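Look at the two complexes coming up: chain A is in both, with chain B in one and chain C in the other.
Our next item is the complex of A and B:
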């Protein structure tokens, strides 16, 4: 519309008038653009207040001994305390242990399930819904239910193990098995998401490739290995990166299952829980902030490595 | 062209109004927002009248409360008992103090410490319910109450259950002597609870009023196994091996004449987590673990407690919580009984708990806030507290008909409230508690023996103290 009117003015008026008309139209354009910036202001303010400010405030706090009211500048002492703290490195170990096993179990398993669902001629939607259900369940509610499911005496898992003649486990009541209890919950909760993402990719692979392979005499397994798997590389990279970021930030389920100190004996205390314990139960906001930045660096390095390994472009 | 300009103009105006709306909502008076319950009923006709005249005209006291309080009456979903709303307190206070207005800010127990800290920092309320009083008093955020007590001839500390006032004493920022910063508001206690039916089934004599550790061990051992009457598996004892295990252990040490350590201010504290008594106490807990269900370290195995199918004889380190209501709701009043925790040579022992109420140092309405404190600790308000399922902190409660009705259960609870270890454990919500808890868990799960676990707890706690 603006372009049309500009063309009209160009043909009918002298040069000076044309200039002023052009400026007016530019101004109108600017005004029009300004409107959309105004629409962006509320969310921008929200991000500024609730994300940017806390990030910088947390950085500032990491150089202070602070209980929220009284603050003393102590330089890098908080970072030294965290980096020399046994419980912190224990929480790093727990976070990686749970994260690694969650990822190496869930991605292949989810991919296999997705391949199976993709091969079924009927009922694909039914299976999609069934497998995706855990992912839409609140992790807090799921954790509470898992505490019952994994009850050492009354839990259904131990009942099943016992009924097939296998030894029962203490699950959350022992540091030897508690991490596996969390892994079990994490796999159960995440696998639906992995299946859906894998399915989307599987369905996007061109059928002609399979047809050509069949003509060349490729078996089903060969087709899966040499067509399906290579075509899934991007999806695997995406799942690997998002899975790692999620795993390194793990907090909700371990908090519900083991409290802020990751009972029993800090065996399921993750980095997030360590930060919560020091910050919100012990009022050591400086230490919690320093631990947060160390956790941020760990996630940054790991995500960078993941990007390199998976050759995924940002 | 005109149409287009109008559309742009309209969207500009719309955006502008949205912005204004957002600003108005964000910056609106907190009398309508944060104090939901208080303010929502604050606009009724009663308030309109009271605010218009009277001795306290125009004065408002903002009261923060923690827990399941609500402005309106409600019905407990389990017991069916009706719980009165805070509006009863509000109406009575505003009647007694003509012209005054009380507004409530209610918060859940979840994360109450950090929320209280934030509220205190921003001056959100005049009066606070404050279990973590020691931390806040040391920051200079609370008003010392002794001058108010001295100046008020109507008020006496004798009305409170013994030890309750002492238990809430704390150190101010510049003082070396414990001072009164809060008055007891909600009572709490720790005690040992047991199921008389299981004792009867096994032919074991009930626990004495002040049982020793040997008595507990001996009787719990007798009641672990297949119940001779019901044929069900019974366990002699249960205790939380995780969250509160530090307090269970410290109480065991107190029963042996030991203590957690000395001092109250952080720079004076010396831990004795690996003393002989603590090691002996932890070894005793390890023995008790053999008589308990498998899940004590993950707070499991006690699911049948306070039900007709209960399978646990003795429960260590229990709090009143819903004990009375649930006991009566389940028809277990003839089964459940209470014995006292282990006491030291002074007759004290066990965790001091509950909630005091305090006045914020920066309150602009301290006189009215003090009146609220007096009101909240009066019989009227304390009876209200009792009716909501919490425990009163005043001596006169033992004379109330509603308490006498449940004498068998409540009598020992009130007794326990008068004999906890005071002053309260200053490390109760700080890092040493979590260090000690983790090491107790390490011992209970066989990672370390009692001595090694407590040596480690002592070392880490002392290091934490030095570095703080």
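Our next item is the complex of A and C:
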């Protein structure tokens, strides 16, 4: 600042004064521009170290045979190994199966309950709190409880099914039903989130639309079908895609319920668990990296779709 | 007459809705209730009470006593607290600074840099797992809390939410301070930071939930049992014992969940708002 004012005093003549003024403004601007970069240093240091570097390192590793210390370049062999491996495709199948059913059950159910909560005059907040409670519980603790809740002989789910005359399932004790156990847990855990998001967006629909419909004599169900549902299309897309991306990354609950190999008989081993098993119990870093890259590409496609559909501008 | 019966029908449908909500709500709550109840049942460690009952035949605090005596859960609570508080502080501060710069700053490359931040939202943890493991191994930080505390310094979602918040605050505040000759840092800390309360609270809540429940990454970097966070301890207990020791498992689950639930009940309005905001704005 002192230097700038000195400059102003020493220069004479209207032309040079204007020039120096422009110069000082420029300097000030440059200085303030630099300050803005300082604001961004912590985040961009993080991006460089914990995002950019690992992504490229992971790509590099996927072309190497590696156990953490010794590395040999082997080209595309890791990708070939992964893409021809039965357990990998099994894990893809498990991930997709659990994810698809979790989503097609939870979103409609959550939306219906959000609509119900939205239309009850009393106890809205109470229901919100209750329904969101499972989502607050860590999925690890929830899995721990569900191992007992779904126990074929002493669990409460089979007891309840039996007492209303429905057939019981073996749940996690058999590879035929174990995926349904994970789906049930996932629905229980996720539905609160779906309800909260739906409620927030339901309450954002303008009440004038409903009023106009009521004047035209539309019934409650007609209003729900022709005003509410179409207005929620964006919300459904958001839930569908974030839910799907989350489902592709499923790991915690299947690890607690079935260990890294997803027992019984690998029936609940997800892609994440496959990567963990290969990378951190077998220390086959190259193969695990190739598998993560395949998974990353799948996730990227869906995230990209999400950004396209949503209003988040890129 | 017609309007009377119409009103009656409305009332019936209202009670019906309320009833359905109550039923489904109790179904969702049932695992919690059962968990607490079995935790008070000493004999459940040998055979689970069947048929299930709300109050154990011989209620006892035996299981809860063991959970506290053993001390590992308390240790893991302390570990989780250290990790969560540090990572939340780091993540929220860096995101506040970045979000503010992206909202009010005028500098070269702003748009490109913001796109880079949004791109980080697309990068999941899994492809970074092995390189990050090797990175922290090379600086001898495995089996310390640093790998859990440092990476949350970058959080695209928090930066995005923060930018949106500052976008709503008027620029005139800045201009007034600028005329007084305040520098950018002074303007941020004196003018905008004191106004950032609502968004900072949301950011703290979201970052807290993410860090507290984080599992895969801690599992990879923490082998030392004494450093285990709550989810890691629960998982290792569960994998060791399977579905034996029902009473103890349920007591452990109860004690691990309860503080979070109490916290949630106190802050539920803010937590639910934050979740909704991350969903609505993220949309």
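Worth pointing out:
The rule is simple: the second predicted complex is superposed on the first by the 287 of 314 C-alpha atoms of A that agree within 3 Å, B and C clash if a C-alpha of one lies under 4 Å from a C-alpha of the other, contacts with A are read in each partner's own complex, and residues count from 1 in each chain.
Just so we're on the same page, a residue touches a chain if its C-beta (ideal position, glycine included) is under 8 Å from a C-beta of that chain, and two chains touch if they have at least 3 such contacts.
Keep in mind that this is a model prediction, so the values were computed, not measured.
Once the two complexes are overlaid through chain A, chain B and chain C clash, as defined at the top of the document. Within the superposed three-chain model, A:277 lies in touch with chain B and out of touch with chain C [touch as defined at top]. Between chain B and chain C, the partner in contact with more residues of chain A is C. In the overlay built on the shared chain, the residue A:151 is in contact with chain B and with chain C.
In the superposition on chain A, A:68 makes contact with both chain B and chain C.
By the touch criterion defined above, A:81 lies against chain B but remains apart from chain C after alignment on the C-alpha atoms of chain A. In the superposed model, A:266 lies in contact with chain B only, and not with chain C. Contact with chain C, but none with chain B, is seen for A:191 once the two complexes are overlaid on the shared chain. Using the contact criterion defined above for the overlaid structures, shared-chain residue A:251 touches chain C, although it does not reach chain B.
Once the two complexes are overlaid on the shared chain, A:33 sits against chain C while remaining clear of chain B. Looking at the shared chain after the overlay, A:243 reaches neither chain B nor chain C.
Superposing on chain A, the segment of chain C with clashing C-alpha atoms against chain B, chosen from 22-30, 112-120 or 220-228, turns out to be 220-228. Chain A residues in contact with chain B (one complex) as well as with chain C (other complex) are 32, 35, 38-39, 42, 68, 147, 151, 153-154, 259, 279-280.
Note for the complex: chain B touches chain A at residues 1, 4-5, 8, 11-12, 15-16, 18-19, 22, 111, 113-114, 117-118, 120-121, 135, 139, 141, 241-243, 293-298, 300-301, 303, 429-431, 434, 437-439, 441-442, 444-445, 447, 460, 467-468.
Taken together, the chain A residues at the contact with chain B in this complex read 1-2, 5, 28, 31-32, 34-35, 38-39, 41-42, 65, 67-70, 81, 86-87, 147, 151-154, 170-176, 178, 257-261, 263-266, 277-284. Those residues of chain A lying in contact with chain C across their complex are 32-33, 35-40, 42-47, 49-51, 53-55, 57-58, 61, 68, 113, 116-117, 119-123, 125, 127-134, 136-149, 151, 153-154, 156, 159, 188, 191-193, 196-197, 199-201, 204, 220, 234-235, 238, 242, 245, 249, 251-252, 255-256, 259, 271-272, 275-276, 279-280, 285, 288-289, 292-293, 295-296, 299-300, 303-304, 307, 310-312, 314. In the complex of the two chains, the chain C residues touching chain A come out as 13-14, 17-18, 20-21, 24-25, 28-32, 34-35, 38, 47-52, 90, 93-95, 97-98, 100-101, 105-108, 110, 113, 115-118, 120-135, 137, 150-151, 153-154, 159-160, 183-185, 188, 209, 212-213, 215-216, 219-220, 230-231, 234-235, 237-239, 242-243, 246, 249-250, 252-253, 256-257, 260-261, 264-265, 268-269, 271-272, 275-276, 279-280, 282-283.
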